Amino acid sequence: MPTLDPGIGEKFSRRTRRAINHDGSFNVRRRGGPHRHDPYQWLIQMDWWPFIGLVVVFFTVLNVAFAGAYMALGLEDLPGVAAPRGAVQDFLSALFFSIQTFTSVGYGHVYPGTNATGFLSSVEALVGVLTFALATGLLYGRFSRPTARIHFSRTAIISRRADGTPCLQFRIANQRNNILIDLQARVLLKTVHPATNDQTYALLPLERDAISFFPLSWTIVHDITPESPLHSLIAADYERLDVEIIIQLKAYDDTFAQDVHARNSYTHDEIEWHRRFIRAYEVDNDGIAVLDLDMVHQTEAL
Amino acid sequence: MPTLDPGIGEKFSRRTRRAINHDGSFNVRRRGGPHRHDPYQWLIQMDWWPFIGLVVVFFTVLNVAFAGAYMALGLEDLPGVAAPRGAVQDFLSALFFSIQTFTSVGYGHVYPGTNATGFLSSVEALVGVLTFALATGLLYGRFSRPTARIHFSRTAIISRRADGTPCLQFRIANQRNNILIDLQARVLLKTVHPATNDQTYALLPLERDAISFFPLSWTIVHDITPESPLHSLIAADYERLDVEIIIQLKAYDDTFAQDVHARNSYTHDEIEWHRRFIRAYEVDNDGIAVLDLDMVHQTEAL
Amino acid sequence: MPTLDPGIGEKFSRRTRRAINHDGSFNVRRRGGPHRHDPYQWLIQMDWWPFIGLVVVFFTVLNVAFAGAYMALGLEDLPGVAAPRGAVQDFLSALFFSIQTFTSVGYGHVYPGTNATGFLSSVEALVGVLTFALATGLLYGRFSRPTARIHFSRTAIISRRADGTPCLQFRIANQRNNILIDLQARVLLKTVHPATNDQTYALLPLERDAISFFPLSWTIVHDITPESPLHSLIAADYERLDVEIIIQLKAYDDTFAQDVHARNSYTHDEIEWHRRFIRAYEVDNDGIAVLDLDMVHQTEAL
Amino acid sequence: MPTLDPGIGEKFSRRTRRAINHDGSFNVRRRGGPHRHDPYQWLIQMDWWPFIGLVVVFFTVLNVAFAGAYMALGLEDLPGVAAPRGAVQDFLSALFFSIQTFTSVGYGHVYPGTNATGFLSSVEALVGVLTFALATGLLYGRFSRPTARIHFSRTAIISRRADGTPCLQFRIANQRNNILIDLQARVLLKTVHPATNDQTYALLPLERDAISFFPLSWTIVHDITPESPLHSLIAADYERLDVEIIIQLKAYDDTFAQDVHARNSYTHDEIEWHRRFIRAYEVDNDGIAVLDLDMVHQTEAL
């Protein structure tokens, strides 16, 4: 049985968590070294609500700072500010003027009446337009990043073919309406030595490791033949060896015209024995096949 | 004859529609599952007129909402609004002020005279610039999405070579002026079992499955040799077996510097028998080859 | 000798021009068929001066049209317009107001004083911001389009190796400072039958068809062995057979992180006999190699 | 031992510097030839501080020029400019008006009062919005350019396997948090003939030349078997032959959905003898592996 380390590591000082999480990330932290963070990557990968919150906070902090600077110069330098004044009202007046400058609205009922405010508002206008130029790029970057949303069955199963051969199976479907083509799959077995914690990897040959089109679900099958590293293992062995089935998928996304990748894994407690998948699609009266994404998880006893 | 499922499915409860439509889409619906829709994908794939309509509706709805909010605060908070007033005139005045803020025009003959309107107009100005940042990204995404516009002959034909070998042919041309290179073709035969509705697939070997350049038309040819799954089938068999010829094309688009893909299929009633293609290009007096896209469909009796 | 049509066509009614021009384009026109033009492709491929001219013309025409509409509504609807008036002055006043609205400058010394001008200026403000959103995408699309600027030697040469083997050579260099890696070359021979005008193609095997790095020049060599389709041809044969050497290059551009392609060809009158290339680079005192792009063309008699 | 020129050159008039610098660039200058510079490439590859400085300088120069033009027309053409006047104050007033036009803030307390200033401010408003359209594209281009930040061990080492086989090793890690997959490595040996300065290249076969995942560090190993071009060379030979180990890496960046490349080299004085690498990761209490990027360099005596 050929073994290979796919780059996840073979020797560890103690038992590690699963190699790959359900979202495709690895259980690894980084420490030391120069300049590890890429702000662009962080800003386009974060969720939408935190991103919007960050935009609002950034916009507010910057405008409060400029408002403070206008106040320091004195509001008599901003003709048009409404009387009567007070500290709070002055701050609000300065803040509104700042925002009107930053967003380049510039009503003009308040305007920079001195060289100092003329200069400061010029700087703010430039900062403002460049900030929105940056925001434009970030919004586009967030939207256009191609990501495969592959729907994996919640569990892998140990099933049995018509000819009696046992097999490991799991099922995937495209969660989105975009068209994925030339889908390729690679499945690895990770086992951990119970005593030494050494991790061993083996490629599991598949009944079929690529499909041209992916409009419906795809059941990926590894036959547990005598040559399979899973041969003669029972459920207790899976737990003892801390079995993890590692999956790597690659496809061409016809909407974004780019390759997309997905990763996932099933640990030994995510494998069901003696089950088979129930077909996840049917044909409607109009001859159109209907795929039920919730059915992708459905199995029944053999 | 080796058979393979390209991922379209083999077992169906009843007869399905054609596997692939002329626009490259599949006859599949999705149901259930989490979060299936990607708004970006939807916004860049929809046609131009609905997209422009959507932009106008979005712009109008947002500004009507802000206008309502300004009216709720009272138009006396917006100094500069013209007298005499009335409900309709107030709404229009508020709407025009809102649009001037949203687009950051900000003439200033009307301006926010209180803290409430100052705050509301600040929020609107931020929403406005971010909306146009988003619109910028969407417009770029729509334009820059690479798509192959391959012109397929309306019918496939059953023709005959000079040596008497029958062959299946269809013809393609590049509909646009961009340069496609390294074009690859893959052709599959789908047949349906008349009794069980089981679908079977077979790869049809081609006379030539790739070309380096694609300035003219390309006639794709499958020789119906004794090894071909089409051998000894007559027109009635094509109908009985619900024959569908499935085509997958891949090329490199030298304008967009990206791979592009195209799909199409011919059903049994889109196949003409005993025809041959008429050459679709000629050479002009100046030595330049002229490709007539309308001629791509032209066939004549053998 | 194996022959293949790379997709350029074998049968022509008369003699055609060269297959590939020096800028990589083909000598083919398109006629008929639906919707052949892609405006985005046209706008990002045109030269900079016509593009800038087009932007100015588009901006001017649109603003003249809006100015006309404001005049039709009557300039008394735009309070702030300076007296005394006249047709020309009115038009200019309307035009300046239009431009201030379109670019969202909106000084406000002139402003829409009625519902009609309020509505019209609202529409213009929206058209304006969307136009600049579009311009942003076009400018980015023009800049970011990866293109290989490969510098080809002006002529190909028939040279002779140290062991006496004759060979066909040409030389290329990267015209720009970006880093190209994994460069691949493919060279085809096109000959035309003097009587029938049939075009025949043959792949010319290369001494080396790929290099990992491309910081200097690369001399691409086809040995004219007895197996070569060029074997025993003399200069007069090249002309009689209308020889064209067709070159296809592919590389990975490390600046744009995308594959780039280039094409070129040498016709029989662009081939020099019994020459060799003079080395195009030397080493400076500081140990840095200096490539002289003008030297790429330099040959000397054998 | 098969030799190959990876495109760096074999014949040089004198000794050259290292082929590849630590930042992946080549020690090559370009001279002559047409139009070698691509401003976009230059603007997206320069560091952030020079880029920001350039934006500020460009913005300032353009606005100073427009301010000069407004002064030449006379400030009485810009109603609203504050009295009393003087050359410096006039220039500042014109500059502030210019910036308010360029950024489309347009407060309007100063406005173009004549046709000449109306025309000039219209041109400036168009130049302004197009400039920020360009800035948007440049900012996005700078951010979205995929670059692999591979952390190379400071030195390569000559180590020894458990079975006594000597080997050349170096170690890499991903410096950033983005996910790299399908990493491929290619290692070349460059030697220089001490007398002729001819450069010879040989591919060094690797224990493993690709890994699927790259969450931790990867030690790349060339076994110095009797077939290795490094066999029987001692440290003094490395110096005499000016040995350079050239590394080419390729990976798929799952964040940017694009291939990324990296290059580096070790010269003979960057190779340590009789060392081995200390493991660069450990497992935390929570089962998560922790990679210490500073440890990637750590070696110990055999």
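Going in written order, the chains are labelled A, B, C and D, and every chain counts its residues from 1.
Everything below uses one rule, namely that a contact is a pair of C-beta atoms (placed from the backbone, for glycine too) under 8 Å apart; a residue touches a chain by one contact, two chains touch by 3 or more.
Keep in mind that what you see is a predicted model, and the values were worked out from it rather than measured.
Listed options A-C, B-D or B-C contain a single repeat of the A-B interface, assigned here to B-C, on the basis that more than half of the contact pairs agree by residue number. Of all residue numbers used at the contact between chain A and chain D, under half are used by both chains, marking a mostly different-residue interface.
Judged by contacting C-beta pairs, the busier of the interfaces C-D and A-C is C-D.
Rounded to a multiple of 5, the C-alpha superposition of chain B onto chain C involves a rotation of 90 degrees. Centroid to centroid, with C-alpha atoms defining each point, chain C and chain D lie 26 Å apart.
Chain A and chain C have CA centres that are 37 Å apart.
Shared contact sites, meaning residues of chain D that touch two or more other chains, fall at 100, 104-108, 136, 140, 256, 258.
In the complex of the two chains, the chain C residues touching chain B come out as 4-9, 11-17, 20, 24-38, 40-41, 45, 79-80, 100-101, 104-108, 111-113, 115, 118-119, 121-122, 125-126, 128-130, 133-134, 136-138, 140-141, 145-147, 186, 188, 248, 256, 258-261, 263. Taken in their complex, chain D has these residues touching chain A: 55-56, 59, 82, 89, 92-93, 95-96, 99-100, 103-109, 132, 135-136, 139-140, 143-144, 149, 151, 173, 175-179, 181, 183, 208, 211-216, 218, 252, 254-258, 279, 281-284, 286-296.
Residue ranges on chain C touching chain A, taken from their complex, read 104, 106-108, 136.
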